[in-house]
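You will see two complexes here that share chain A, one where it goes with chain B and one where it goes with chain C.
Up next is the complex of A and B:
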């Protein structure tokens, strides 16, 4: 029966090409607008660490000023100080823990034709790869010693290894970074979380690091982070050591806690640590720390911001207008064919079958609208990529799930739009049309 | 107006279709008027004066490859070289580039040793050429002399004794006026810094932040964060960008050079506002278009349905213009109903956007102009079908089908 309805629907749609095209266009434009913003929101709210979401925690310590909170709110600072990071790293409770920040510098090979280039670096403790599940192609992380002492070891990303060594196994080879020789100990597979939940400072969708460096190098290279540094009190900084011991925050801190018992112990550890610091005159605010799962961290950092959410509301309102439009047009179209329906009814078709026939017709309009809608969504996302000047390339892209969702949305909304017109036509009184014909 | 009664009774028979058109117009009014308010706010934001010669400025930075690199010596040689190049109007060195998204801010106080109640502002370290190189306008006092410019390392505790500030900073820190010659302090510090000059304007590194426009310039060169800011002669920017990049690499190949135009950086800062404007503008255009098409479709449908009645009216002596007028009047009634509902919906929608997303309030004039515009669109959409209806021959009345 469905097959027969579909062929009836197609014939009916062909008989009024302009009206049909208008309906398909209305649905397509509505779906295109809605799916463009929904795709953006969907891609922006993805959690690259979803698989380990339950065991990973971003750590926040409220080390801020007694008088005003961060940005004059009551929130905790997003990052931690160097001195706190170093002390937290001594805890043996977490299964894995990472203190890290962004850095960078010129990288090159000795006696090579390759032109030096600036590599984006992540200075981190060695658990980084285990905690975030970053797979290695060659080698592995550096020695434990390198987290506390200057050891010139380096891990390259796949892309950097391709660029410097043509993709060969470079473990044991030497590269020149920032004027010093580093030994390659590992090469990671391509790893690009988007949004880059592990460090949401300075943009949510930028590229991940190209090289990884051990945490013990700060004093040797007097590393100043390529990220945000925030302070709240006037501190006399006369040397790099002063800076490391200051109350400025500039590091991200993550822990992996596998069991509830571990979480509890770690909470006790942090409480104890803050008490100890309070005794020394630090942490003037009420005792407070934060342990947020990656999903919570993304929400806290407002990766999907007000503009994005406003656009989704607006595009849903837009879709509503397009639907009302489609209802009006479907009604017009069905009523014009009332005589035909009258004849079908007179020949014995039940109200229900007239109703389903017309609903199938609406569904066909929706399907066509959905297909055109996908094209419009792709065009809309292309426009956004261009307007965002490369920043959103990974986010403003459609995957298969979103394409199916587009079709689903189109068919569902066209069925909804068809409900009233189909019901109305199924109520046709056959006798009127039999008389006039 | 004699036609009003028959129109109303005819509309009553098509109440659902009429209501659907009214609903569309109403929703469109609600969306379009709110979209326009947002577009207006964002465009105003983007077109704020920056106080800078945005179109003529390039900025350059470098990272040295050897570890023990004499940066201050390199700055001197580089700047001398850059200033001698053709097409270069002026050049300075600064810790940050305005409109670049990267900057420093700090709290400033009018009394010594204060920790709270200050005003935060962006600060820059610059050499004596900065006013000219950034294309700013000195409105009071003086700039810096070469002797005043200090060389400071990242952990140097040396503090400047003089500063040039923006007019906005001067007005907000010294609301009583006459900022020139007065001193301000850093937080928890008793070292006075005297205001020796005031520049008209500088929007700073983050034009959308709350500190935008408050700027403080110190006479200093820092070796930790540095950019050469080079203003080209009008029209020479791109040539200068290439030339300076080449010459810097040539003078000392032991480094990696990075170059940007200020125009591009400004565009990056406003990328999300610009996206918002373009997306909303597309929504407004598409929506108007869709609604117009819907009105055309329905009017055509009604006319075909009433072909026979039109023929009868024509046969009974109604003029062509009376027929067209009938359909236009019918459309007007529907549109006015819809738009009246829409004006109310626009306020509700605006209330939601204002409370949820901090969007600006919707002024009545915007709603009224959008309403008039949509009324025009609605009538224009009905016009062609209505004129065609007038062509229906009175003979139609005599045919049975």
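Up next is the complex of A and C:
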């Protein structure tokens, strides 16, 4: 009977085009508003590392002051100190581990007409590419030696390689960065996780790095990170070495632990490490460390903040208002057709049949509303992209999952809106209409 | 075919209780053509609605084709209505958006027949009422008499054993009324039991039996003096 009900619904919608259009519009506007904000929230809270979510961990060490909190939302610092990072890198437990931070500087080619430009860099240990599954177009990462010693090798992003070498294989070629010559060892494919899970300290949705440099370059170039550096105590810093040995936190640390046994062993390792540091007068607070999966890391860092959530609730409240309108319109339409329902009852339709027929009609209104709602959502997201916030291109976009969600929300909403009108029409006394028609 | 015993039906508002039928008893045998007359407000339509399972009586016993229908739920009553009862109304009650074919299709859909069976039955009844050529027309494109013939075709498509007609000629001129009446007589000759409410004494006399309802009760029963004759219009 469902096919019959659908054909009746389409016929009914065609017979009252203005009323039908109003109902579809009511659903579409509500769905469009709701899906615009829900899509933003969905895209903002999307886990770009979902495929490796269960084996990746952001590492936190509670090296902070015994008396002062880090900030209002976290008990532990988000980043680690250089000295801790260097010592953690010595562990052979993780399958991959990365200590890294943001940097940057002018880059150009020797004897080239290409004008120098400022490149956003990531100084990192070599496991970065394996841990985050960053694919290479040409070459690969630098040698293991480069994590501990100054080796002037560089990995370019696809975009930078296009800009400097016109997209050619640049492995073995030389680039000039910050006044020093670096040999290109690899070129990565375009890699832009959004949100930027691997480094939420420097903009949740900022562009990914344009070049990648080995971790062992710190002392040679006296690298001061671009991005957040936090400290909690007054430290006398007279040299770069003092800075490297300070309790200031400025590096992100990630590990890949593929088994529960690895996780347990690494936990023991961190416990032992903190105890060792405590013995040397560091880590004044009770022993604590954090190992957070990417999904947990996104939540901890409140990538979707309270205002975004509030906006979603408001848009859902607006959808509710639209639904109330849809209920009124559906009621008006259905009651206008009460005589036909009376005839159908006389001809053998049960109350349930009449109810189902009208609920299917509500569902058809919802389906049409969902399709129009998707167009309104796309328009809404387009409007948001016009706000000129760079990362909005990546966030204010609708994928297939959200399109299906829009249809689902619209159909579900219209079915809910249709419940009462369909129930009312199924309970009317047919004999009233049969006599008066 | 139909057996009502001490049927009561009352409508209640906050302040008033109206008795539409009071201790209403009637038996209609299989194959009978019974006309029902009475003044306006006497309870004719209430009787017809209860007989057609569109309303439930306040009290009393009603057996249709030997089955006690008093305690059936909505789904069972609807199925019984669909399978055993055909309705013809004064206002035709065709669905304006549907063409003749689809109008006649309605009860067959609820019966669960497949498309082939439905088509066969629809074409057969349209042929019987002489409107085969108009199958794709909308009701509004037909005369009143033609619309009533479509309504009769729709009532007959499910091959009901019991036909309830509520002033079937009330909206028709005399020529059309005669044609419709002859059609009903023809249907009755083929074995369908018919109960027809009418205000027209001439039509009432053409039935096998006439009952008169006054103040919600059967006041009089008349046997027809001569058997009705019929030929298809």
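Note that the second predicted complex is superposed on the first by the 427 of 437 C-alpha atoms of A that agree within 3 Å, B and C clash if a C-alpha of one lies under 4 Å from a C-alpha of the other, contacts with A are read in each partner's own complex, and residues count from 1 in each chain.
Please note the rule applied: a residue touches a chain if its C-beta (ideal position, glycine included) is under 8 Å from a C-beta of that chain, and two chains touch if they have at least 3 such contacts.
All values reported here derive from a predicted model rather than from experimental measurement.
Undergrad: On chain A, do chain B and chain C fit together or clash when superposed?
TA: They fit side by side.
Undergrad: Determine, under the contact definition given at the top, whether A:237 touches first (chain B), second (chain C), both, or neither.
TA: It touches chain B, and chain C stays clear.
Undergrad: In the combined three-chain arrangement, what's the angle at chain A toward chain B and chain C (CA centres, steps of 10°)?
TA: 90
Undergrad: In the overlay, answer first, second, both or neither for which of chain B and chain C A:328 touches.
TA: In the superposition, A:328 contacts chain B only.
Undergrad: Look at the residues of chain A and decide whether chain B or chain C touches more of them.
TA: The larger set of chain A residues in touch belongs to B.
Undergrad: So, does A:430 touch the first partner chain B, the second partner chain C, both, or neither?
TA: The second partner, chain C, only.
Undergrad: So, A:348: does it touch chain B (first), chain C (second), both, or neither?
TA: In the superposition, A:348 touches chain C alone.
Undergrad: Working from the superposed arrangement, determine the closest approach of chain B to chain C, counting only CA atoms, in whole Å.
TA: 12
Undergrad: Identify the overlap between the chain B-contacting and the chain C-contacting residues of chain A.
TA: The overlap between the chain B and chain C interfaces on chain A comprises residues 436.
Undergrad: Inside the complex, what are the residues of chain A that reach chain B?
TA: Against chain B, chain A makes touches at 19, 22, 25-26, 29-30, 33, 65, 67-68, 104-106, 108, 116-118, 176, 178-180, 221-222, 224, 233-234, 236-240, 242-243, 306-307, 309-311, 313-315, 317-318, 320-322, 324-325, 327-329, 331-333, 335-336, 380, 383-384, 387-389, 391, 420, 424, 436.
Undergrad: If you look only at chain A, which of its residues touch chain C in the complex?
TA: Listed in rising order, the residues are 1, 4, 11-12, 15, 339-340, 342-353, 429-431, 434-437.
Undergrad: What part of chain C is in contact with chain A in the complex they form?
TA: 45, 49, 52, 54-55, 74-75, 78-79, 81-83, 87, 89-91, 93-95, 97-98, 106-107, 109-111, 154, 158, 166
Undergrad: Over in the complex, which chain B residues touch chain A? Could you list them?
TA: Going by the criterion above, the answer is residues 16-17, 20-21, 23-24, 27-28, 30-31, 34-35, 38, 63-69, 115-116, 154-157, 186-189, 224, 255-256, 258, 267-268, 271-272, 274-276, 278-280, 282-283, 286-287, 290-291, 293-294, 297-298, 301, 304-305, 349, 352-353, 356-359, 400-401.
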